[in-house]
Structures are given as structure tokens and as C-alpha cells.
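Okay, so chain A shows up in both of these, paired with chain B first and chain C after.
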Partner chain A sequence: MTRSRGESQKLSARCSDDCASAQQDGESTRHLLEIEDLRVTFEVGAASYKAVDGVSFAVDDGEAVGLVGESGAGKSVTARSILGLSEPRHLAGGAIRYRGTDLVPLGESAWQRLRGREIALIPQNALAALNPLFTVGWQIAELYRVHDGASRSEARRRGVVLMEQVGIPAAEKRFDSYPHEFSGGMRQRVVIAMAVALNPALVIADEPTTALDVTTEAQVMDLLGELRRERRMALIHITHDVELIASSVDRMIVMYAGRIVEAGPADDLYHHPAHPYTRALLESRPSLGDRRKGLLPTIPGAPPKISDIPSGCAFHPRCAHVRERCETETPVLRAGTLGRISACHYSEEVLRLGEVRTSESLAASLARIDEDA
Partner chain B sequence: MVRYIAGRLVALVAILISVTVVTFAIAQLSTADPAVQLAGDFPPDEVVQQLREELGLDKPVPVQYVLYVKGLLHGDFGRSYFSKQPISSELMERIGATFELATTALLVSILIGIPTGIAAAVYRNSAIDHFGRFLALFGTAVPVFFLGLLMVRVFYTELNLLPASGRYSLELQPPRAVTNSIIVDSILARDWIVLRSATTHMILPALTLGLFGAGVIARVMRASMLDILNADYIIMARVKGLSFRRIVLVHALRNAMLPALTVIGLTYGALLGGAVLTETVFSWPGLGLYGVRALTYLDFPAVMAVVILITLAYVLMNLVVDILYGVLDPRVRVGA
Partner chain C sequence: MAPAEPLLRVSNVVKHFQGKRSGLLGRNRSVIHAVDDVSFEIDAGETLGIVGESGCGKSTLARTLVRLVEPTAGQAWYVDRDIFALSRKDLRAIRRDIQMIFQDPYSSVNPRMTVEAIVAEAWDGVPEAAPKRSRRSRVVELLQRVGLDADALDRYPREFSGGQLQRIGIARALAVDPRLLICDEPVSALDVSIQAQVLNLLKQLQRDSNLACIFISHDLAVVQHVTDRIAVMYFGKIVELGEATALCANPSHPYTQALLSAVPVAARRRDVEPDRRIRLQGELPDPSDPPSGCRFRTRCWKVEQRCLDEEPALLDRVQAGVFSACHFAEPLVDAAEMAAMATQPRSSRTQTGP
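Presenting the complex of A and B:
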């Protein structure tokens, strides 16, 4: 088997023939991951629905990018495509370039070398993502055995070290435990361990903390940040929770109905959104101070189904700043003032609304409660 | 795990007790008087009376039941009305014959059913999937006796390739009975001629019975495999960069085997007990053939013995399946 030849070099070194042409152009400006005009469609009967409709973005080495949006916005479909999990017949167009190589036309065996070692996934539901019939340690060590050809004992040793690194206590003992014997937080640490086991250059975290309580969520976020810094991994963090990632990612990309509606540095976007949807997301953050008032703030309406995407700007039926033009004319993603990229006809206007009214942050509220107690 | 198995064993005993009650009750309801049946043709009254006392038939019914169960525990099924011989000694060899046939047939079922089911799930709507569907339909829809007769007609009458009746050629001297399986016994005795004869005699009945089980196993295997292949942990296995082959054979197979295991257990039970028609067609001197003869002659003690043995086979198979579940699935061990 080819895998046992200690292929620890990155893809760029490995695919010397295939990628030669790609490497020639723009070596210096090349991104780690570059998605260009990605289109994913699903056919149901005669109808064809656009789950991802012309998405383009890039991720650099070691960079953390937040991919934000409500369910059905196309975040997870985009992520699946980056991992080669979307069926080819659904990929309607576009390119996904990893270190300059387009991954879309890759065959299954090329994908197998890429997955785990170059691009890894932290799944949403750790319990479902772990095979119930194998021990946790076996499932982690499998990566070393399959990709590095490590012996059983060598793989075990490395697995235990890794489990310690992701903060699983008594790792040597827990190595032989089954997934159902772990708590939710520990299971999430296990899948994180599996994702970082082979030091991939890019990790996609698909709502890695949704199943967890707030305290555990904070711990897992800390762990992710720590691992990312230590291992210099790039991260795409998919979430619907802007607040959660605001301080941990470098850039944010906001998706709505299969398109990117806003992108920019996390700080800018968090404090001065240039798209009404981003603004609405930020305004709907729950805070402990709001609780007494009863209802949580929400964006009116529901995210559109891909079978029924509104005309013009897809967000217009729910938008607080909607005008006539929005119903007919689809806004393009464009760079506006302050280097902000937004798909809103009136992004400058939205920007001028100023900082989003924030009640105190969740962390601050929690701290205050602790003091009171 | 120990507690889990202990729990299963208690359930097993309860089932066996109920079966003895039912079989005993049926025998009580029958009009035949065991003493008259055993005493031979036109017996004098004193002989019948004496036999009645010997068999405990003059005692109250509950006492008779206790005596009956006591006998069962000592392996005493009573005496056959038909041969006047102790049933247990008559059954020993027949159990071996049935066990040998059912086990071989089960192996045929598994060896055809499991790979067909896996391939049908992995390559949906391919030729192998259609074959699996045909196999299942064929195995369930075609009566076993018809398939058996067809086999006899083709492979014995027309082609004269394989023998079609009995366990071995009657001109041969069977090896010393150790396990009551002719194949195993002949290997132990290093009697290659008998082994060859026993093996060729096994092919047609085992294939007939095996095809019946293979279809069902293939269908269940396909369904559970399809289900498992959609699981999150299979996607995770792909994301880990594992080969398709490894994902199917290591990650999915073990999970998919769980439902198939239940069907395999039930099939084995059915093969042990329900081989009646096949044994008749192939004159296989097993439990089924013995049961049919016992029924024809209203030989109640023999019928009861066969029913209890078949129940025992089912119950034991279920126990084995339950234990295997525990071995394969760590969650079951804890849940008990």
C-alpha cells in the first residue's frame, strides 16, 4: 500500500506531476483553500434546488474563519463539498482548490489520502459520529495505523498521548472505553482528537459545540483555540452563533440562502455589520439581562427553504431595511467602504447605523452572577 | 456480562417449563391409553394394569407431571408406543443427523446470504442486488419439498452426479459414533471412504435447506447494511480517509451484523426443527423424519420428545444469539 511510505509531506510535495501547472501560477499569493463559485444543487423530481449558489472564499494557512448562518443557509453543504462528501452529480459548478489543486475532479483514492491528513472534520454530533461498537482509543489509533502504517502498540501509544493532549483524564484507561461510556464534552474531545491526530492543515468544525452546555462549550472552544495555535492549523468554524466565535476567529463569512451575504474581519463584522442580516443576527443574541423581558429577540420569519427562495435579495421578506428595489434586484457581493464585503444594496447605510446595541456579553453576565452568589 | 447471561438463562428455564406443561397437557387430552398402547395387541387386563402401575398412570395427574419432568431431567422421554423402545436411545443418532444437516445448511445460508446482502447494499440496483432479490423471493416462495424434488430430479435422476437419499451409502460400515455426526466421526476414524460418501450425501439436502435460509439472511443483511451506511459514523470514517473497503468490512459490517444475527439464529432454529420436509424428501434419518413417523402412528411420547427437543433448539439458539449480541455490542452488556 502506498500509505505506508511515510507520506508526511504536504500535498504540494506529493502531487508533483498533477499540480505542477497549478504551482507555477502565483506561488506567493496562493491560499491554502480557495473556493470559487461553488454551486451545489439537489434534484427532486424535475425540480432542481440550489443549496449553495455561487460561493467563493479563501482560507490561508493557520487562519480561522467563521462560517455563520441559520440552518439551511448552505454552510454544512459547503463544508461537505470541501471534504469531497457531496456527490459529484450535485456539484453543479465551481472549483475547490487546496494548495492550488482543484479537488472537484479528484478520484476516491486521492480523497482518501487528503482526508484526515490534510483536511479534517470535527462533526456536530459526537455521539453519532463515533462507532458504537469500537473503543474510543481504537477509533483514534486507527488513523495512525491506516495513514502511517503504525503498529498496534505504536498507534496505541500515540493515541493515549493525543487523548491526554485534548484533555481526557486517565487517557490510558479511557482508551479502552466505548463512546457511550463518555460524557458529551469528553466525546467532543474524542472527535476533536480524531480530527487533529494527523496534524491536518485545515480543520472544519461543523457546529462542534451545539450539543454541549455552556460551560463545556467554553472549555471545548478553549481547547480548539489551543490546538489551532500549537499545530498551526487553519480552521473553518461553522456556526449559527456569532457571539461564540467572535473572539476566536480572524474572519467571518455570513451565509444566507446558499449565498454569502457578508464577509470581513471578525471584529469589524461583529461591531459594525454591513448587511442587515448580520445585524439582525447580532441583535438577536440572547443576554441574561434581556431575560426578564420575556421573549428572546428574534429575526422575524423563518429562513427560506431552498425550494422557495425569495426573488431579488433572498433576505428581503425578513429585512428591517427593505426597499422596493430589494424585491426585484439581486444584490451582488461587492467591496464597499472600509474594505467590507457585503451583498446589500444599502450596505453603506447599514454600516452607518453604528454599533449593534449589545446588552452585556454572556461571559460578563455569568461573571456578575458568580460575584452575586 | 455475567448478569446478562444469567438473566437469559432464567428466561430459558421458564420457557422450557411452559413447554413441558403444554406437551404434557396435550398428551393427557389424547384418548390413547399409554398402557394399552405399550402392552401390545389384545393384552390381558392384568398386564395392562401392571403396566399402568409401572408407568405411574394410576397416580393423580400433578404427580404424573412431576414424574414426567423428573424423567426428562434424566434424559428419559419414556417409551415409544410404536417400537416399545426407550425414545432417548432412538433419538440420539437422529439428533446427530439433524444437527449435522442443519449446521451444514446454516453454513451454506451464511456463506451465500451475508456476502450477497453486503454486495447488494453496496452496489444497489446492480446485477448482484437483483440476484439477491431473486434469491430471497425464490428461497421464501418455492416450497422446500419442491426445491428438494427438483434437486433430486436434476442432480440424481438426470445427471446422476450426487446421491439423493440417506446419510451415506448403505454398503459402508459407519464409523464408531462419537459425535453422532457422520462427517466428524469419519474424520476422527480416518475413514476417508465414509467421509466422501457422507459429504456427497450432504450436498443436495444442505443446498436445498441452505438456499431457503440464504434468501432471508441476504435481505436482512442488505437492509441493515443500507441503514448503517447512512450513519454519521460512516461519514466520519470516510472523513478519516479510510478506504471504502475498510469502511464497509470493518466499520459497517459489525454494526450491520446485529440484525442479521437474529435472523441467523431463528433460521438455525427453523432448520433444526423444520427440516421435516427436506428430511422426508431425502430420506434423511433425522428428527424430522422421526417426528413425522411418530405423528402418523399417534406415538405421543415420541411426538412430545421431538417437540421438546425442537423447543430446546430454538431456545438455545436464542440464548446463543443474545450472548453474541452482548459480545458484539458493548451497549447491550451494560443495558442488562
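Presenting the complex of A and C:
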């Protein structure tokens, strides 16, 4: 891919301002993004609710991380914090270090320089993210005009190139169309284009395909993968669908009730989960190629409400491995056997259960299809 | 046809909507082809899955069957009566037998009614179904059947989670002892850990009461798991119809193959390279101007002149019991080969759509 003209300009800009001091350290081991003990609390009247409760993880340059969880797990709130979109009064503690610099104390103008250029967001609902009163092209070109000071014609030229790169056919013509004139899949391509326009080092995709049909979802996933490889972007992919991201991310982080319950390489976590929640989640999904038609294994109950998070391990009322200890003692995220990181007192027991059935039966059925061929 | 009469026999259902006005003084009105000439049968106790992407007409089809949407043409024989020809009064009796469960549990219950009132409302049209005195205890029974406690009776919808509300919706549907349940994306709005609970509940209910079920979903893995047969819809038509496991293991219509290939499957990681998967090109055609011949031809990699001229009929072309509407239906050969074909249309004679 040919690098856009803004690239070199941008690379120099990336290290300016707030990141300058950290950059001089020149450490090679430093993470791109490091979140440490992030706490986000919402106060309603006298009550205070912990939406994110001590989350720590890191993302390296070019790495793809999947952030998995059900509604209320705290994944979107975490993402909003990384983008500086959580109101400061809700940030109850923790650090968000980007290239070594803590972003939490930054003011709004510093955040504005960072967003889009360093860290960008791909939202779930493209229709809500785009302004219906402006053409799609104008909204893309605006990024170049505001951030790079490009002229109108220059911004248009680069906008069209970008639209072509994200696979929008007849980009020159579509540049002047309005958001409602695009299909769901094409609109998602537009917001992806806007996210990558300034070549950010980190893109956060919040359920980017949830509103799409499967065939369109597959196209968008392919596009994300291509862009990530070409531009060497790091990606945090937020989703409720483990199956969707298991083959496209390097690492997965599973959240439950505002905390990380398990983290690890995507393949390991998918095939040999070390936390009962991850395992139960994987087992409860029917899988294509699974010929068994009986009842599905289920997780009893429902994810807890933020106002009513159980004591000890938040998952204990729904857990198949629950013991007395789990009701009182909150398990810490620890490295256990096989280097697996899990917040369960009994993660070794969970690991010993072996491979999750979905993958086994599926691999068998894929092999069958290959044999038939 | 099976010797026993099917519970529901749908033949040649058509639903066209009036589209946008155009031309001088808006005298020309386009016609949106939502459902076109769809036929299928369901036996008592059987589950039929209807799969397709948004806009393929699957929900419209379901709604015409209970006449929430009036069909343009066709027949739907419920045992010995044509639902489409019934008067409003006779329709009531049929609606007791055919109940619907909707996608969004929050918007399908009245937030100002108690759970008891929501479930008991099902008896409004059929007072003989439950005598007034025993209603409260009947509601308790129904709630227990769907896995809720009696203390839910006097509570309001806002106090329940999505999964629980969906159970309440199912209890309401069961109140009138239906024989056919039409479920329109019943688990799509639910959390992953809750989906399995609701799917199991539906399955148990079907087994216990010999309920027939039309299960509409875009999620192929879910549909394959819960149904006996699957109908795949594309652009208002059934393109493939057959036994669920056989159809998923060995799809013969190019659209079904593409759909299955698009399902995210983590275990494929090592086995199939990304470029060996089929990726559909382009988008759905304009619904007011369907392509001639086969409707999938504008996105199909097998397209030839014949596909433009002649609409393929739904026939069991490849394996017995699986019906495919493609002139060139063939079993899944090799993913790589198909992917190669997908990028290179077989014939250069034909012009694909704009």
C-alpha cells in the first residue's frame, strides 16, 4: 500500500506533545497501551456503582486484543475510558498509559489531539455515528482538513483514496452521497475509514459487526484484518461473540461484572479455558457442524446488575465449580498452570476438564467435509 | 407428500409492498417484492428454520401467516382452512392455534401491566379457554412451565431481565395451547449466556406438547441446532430447503454455501486460510427491481446466460430431501476451488449487475 502524504507528517506528530518525554526513554519493551487498576464508578444519589473494578491489561504495537463480555461486563466503559470519553469524576482510580504517558490527567484539548491520530474508535452503530446532514465524503475529508490542515481539494483526493481502500465501490461518486444512501455494510466501511484516516497506532472497535448480517460481517472482519496488517495498527476488538474473534485476535480478555476473569492467547483460551465462566460461555453456544441435537449446556441465572454484584467471586451464584470460599473471597487474577491467567480459585480444576466440546466436534466435522472433497 | 396431512401448507405466498412514488405527480409507484412465491409445509410437532439475511423477507413471511401483514397472493392451509381466506372472526380461532414470539422482549410486553395481566391477556379473545376464577392459578402454572416463580405474578416488566421477559412472552404464547409457534429471532436480543436457556426451554416445550415451530433467525448455528428442516431465503424466495444437518453439512446452493462460509468459526483458523473462504461480492439488488431469472445471479460466481433467462425451480437436485433452486447446484467440493471461482466468474459472457 502506498503511504499517504500525511504519514510522515503524522509520524513526527505522534511523538510530539505529551508523549515526548516518554519517547526519549527509547525502551523497546514498553507497551503501546498499558491500563493499570482502572476503576470507573457511577454515583447515583448516595449509591455508587462499580462499572469497571480494577482492570489491568496491556496492548503492544500491532497487536490485536479481543475484549469479550456480556452486557454490563464493563467492556464498553473500559473502551470509553481509553478514549478519554469517561467523565473525569467517574474515574475512581487507575492509570491509562499510552506509550508510557498517563492519559488520565490530560485535559480535553490534549485528548482531542490524541483521538483519531493516536487512538481511534470504530463505533457499533454507524448510522448514529455519522452526521445525516453532511455527505459521507465531507465527513471523511474533514479529518484531513482539521488535523492535517489539508486544503479542500487535497482532502477530497485523500478521502476518495481512503474510501477505495476500505472497499467502497465508485468512491469518487459515493463521496458526495449522504449516510442514508449507504447500506449498513457500506456505512460500517465509512466509519472504519474515518477511524483509520489519520493512521492511528491503536484502534478500538466496539462491536463493529454486531448490527450486520453474517456475509457483511465476514467482509468487514476481512477488511479490519487487512487494514491492521497494512498499517500495523494495534486493535482492541470489543464483542460478546467469542467465536467471531477467536481466529482474528492474538489475545483475548474476558470480562465479567466489571473485572477481568481470564486473559490469554486466543487459541489457548478458546480451546482450553481456565475460568468456569469462559468455559460455560463457550459450551452454551450451539456450533455449526455439531450434530448433537440435545439440550445445550447452560449457565443458570443472568449476568449481575451493576447495582447488585455478588460478594466474593461475582460469578459464584452461576458457577458449576462453586465452593464456600468463592462466596467470601474475591479471586485475584493470577498466573496458574500452563501460564494461563485466570481469576478463579479453582482454575486448575477447570483446565483439567480438557478441550471444550464445540471445537472438537467442529474440527471433526470440518475434517469430514475435507474428506468428502 | 407425507400420507398424513401437514399442519400447515403454505403455497405460493406473495407479498408486495407499495414503494416510493416517482414520475409526474408521483403517478408511478414502485413495488417492493418482499416475499415472492414461497411454498412449504410443516407437520405437527416439526420445527422449520427460516434463515436469511435482513431484507430477505423472512419476517414478512412469518407475519403474513398470522395476517399481521395481509398477503398479496397465495394460500396458507392450516389443517383444512385457508388462513388467507378467513374472515376476521374465523381468524381469531386460528390465532389461538398459531402464536408468535417476537425478537425484542422489552417492546413486546406492555410496561404498565403486571406479569399476570400480560399472560392472562392471551385469554381476552377466547374467554372459554380459562374460566375467570382459575386464571391466576393457570398463570402460575404457565410461569412455572417457562421457569419463573409465582412471585413474578404481581411484578412489572421493568423488574425483569431480557431473558426473563422472553420467558414471559413464551408463557403468554402458551396460554392458549397453540399447535404452532412462530418465533421471530427469539434469542437475538439476549445475552449469550441466556440464549442457551431460552433455546432449551423452547426445545423442551416442543417435545412435551408436540408443538410445531417456525424458527426464524439469521444465526445458522442456532437454527441448525434447534430445527428439523431449514429453508434458506434470499431476496424473497426460498433458495434451498432440506433436512437441517444435511443442508448444513452439504449445502448445494451457492448462496447457502456463501452463508455457511461466512459464519465465524474459530476452529477453522488452522484448517482454512482466509482466502479459501467464499466471500460474497456486492450487495442485495434493489427490491423494487429484482433481477431476471435467478435472483442471486448478480452476486453468484457460477452465473451463466441460463441464470438470466430462466428462474431455477426448487428441486431435489443433489441429495434426496434437500431442495435447491440453482441450475448449477452441486455439493460443496473444495473451499479453495470455490473461492477461486468466486473471484473469477465462470463466464465472461454475462454482465453482472451494477
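Here is the rule we use: the second predicted complex is superposed on the first by the 321 of 373 C-alpha atoms of A that agree within 3 Å, B and C clash if a C-alpha of one lies under 4 Å from a C-alpha of the other, contacts with A are read in each partner's own complex, and residues count from 1 in each chain.
The rule is simple: a residue touches a chain if its C-beta (ideal position, glycine included) is under 8 Å from a C-beta of that chain, and two chains touch if they have at least 3 such contacts.
Everything quoted here is computed from the prediction, not taken from an experiment.
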item	value
Which superposed partner A:Gly258 touches (first chain B, second chain C, both, neither)	neither
First (chain B), second (chain C), both or neither touched by A:Ala128	first
Touching partner for A:Leu83 - first (chain B), second (chain C), both, neither	first
Touching partner for A:Ala120 - first (chain B), second (chain C), both, neither	first
Contact breadth on chain A, by residue count: chain C or chain B	C
Which superposed partner A:Gly185 touches (first chain B, second chain C, both, neither)	second
Partner chain in contact with A:Tyr270 - chain B first, chain C second, else both or neither	second
Residue ranges of chain A touching chain B (in the complex, touch as defined)	83, 85, 108-109, 111-117, 120-121, 123, 125, 128-134, 142-143, 146-147, 178, 180-181, 191, 194
Chain C residues touching chain A - in the complex, by the definition given at the top	53-54, 161, 163-164, 191-197, 199-200, 203-204, 218, 220-222, 224-226, 245, 248-250, 258-269, 271-272, 274, 277, 279-280, 283-284, 331-335
Of all residues in chain B, those that touch chain A in their complex	231-233, 235-244, 246, 251, 254-255, 328-331, 334
In the complex, chain A residues that touch chain C	70-71, 183-186, 213-219, 221-222, 225, 240-247, 267, 270, 280-281, 284-291, 293, 295-300, 302-303, 318, 358-359, 362-363, 365-370, 372-373
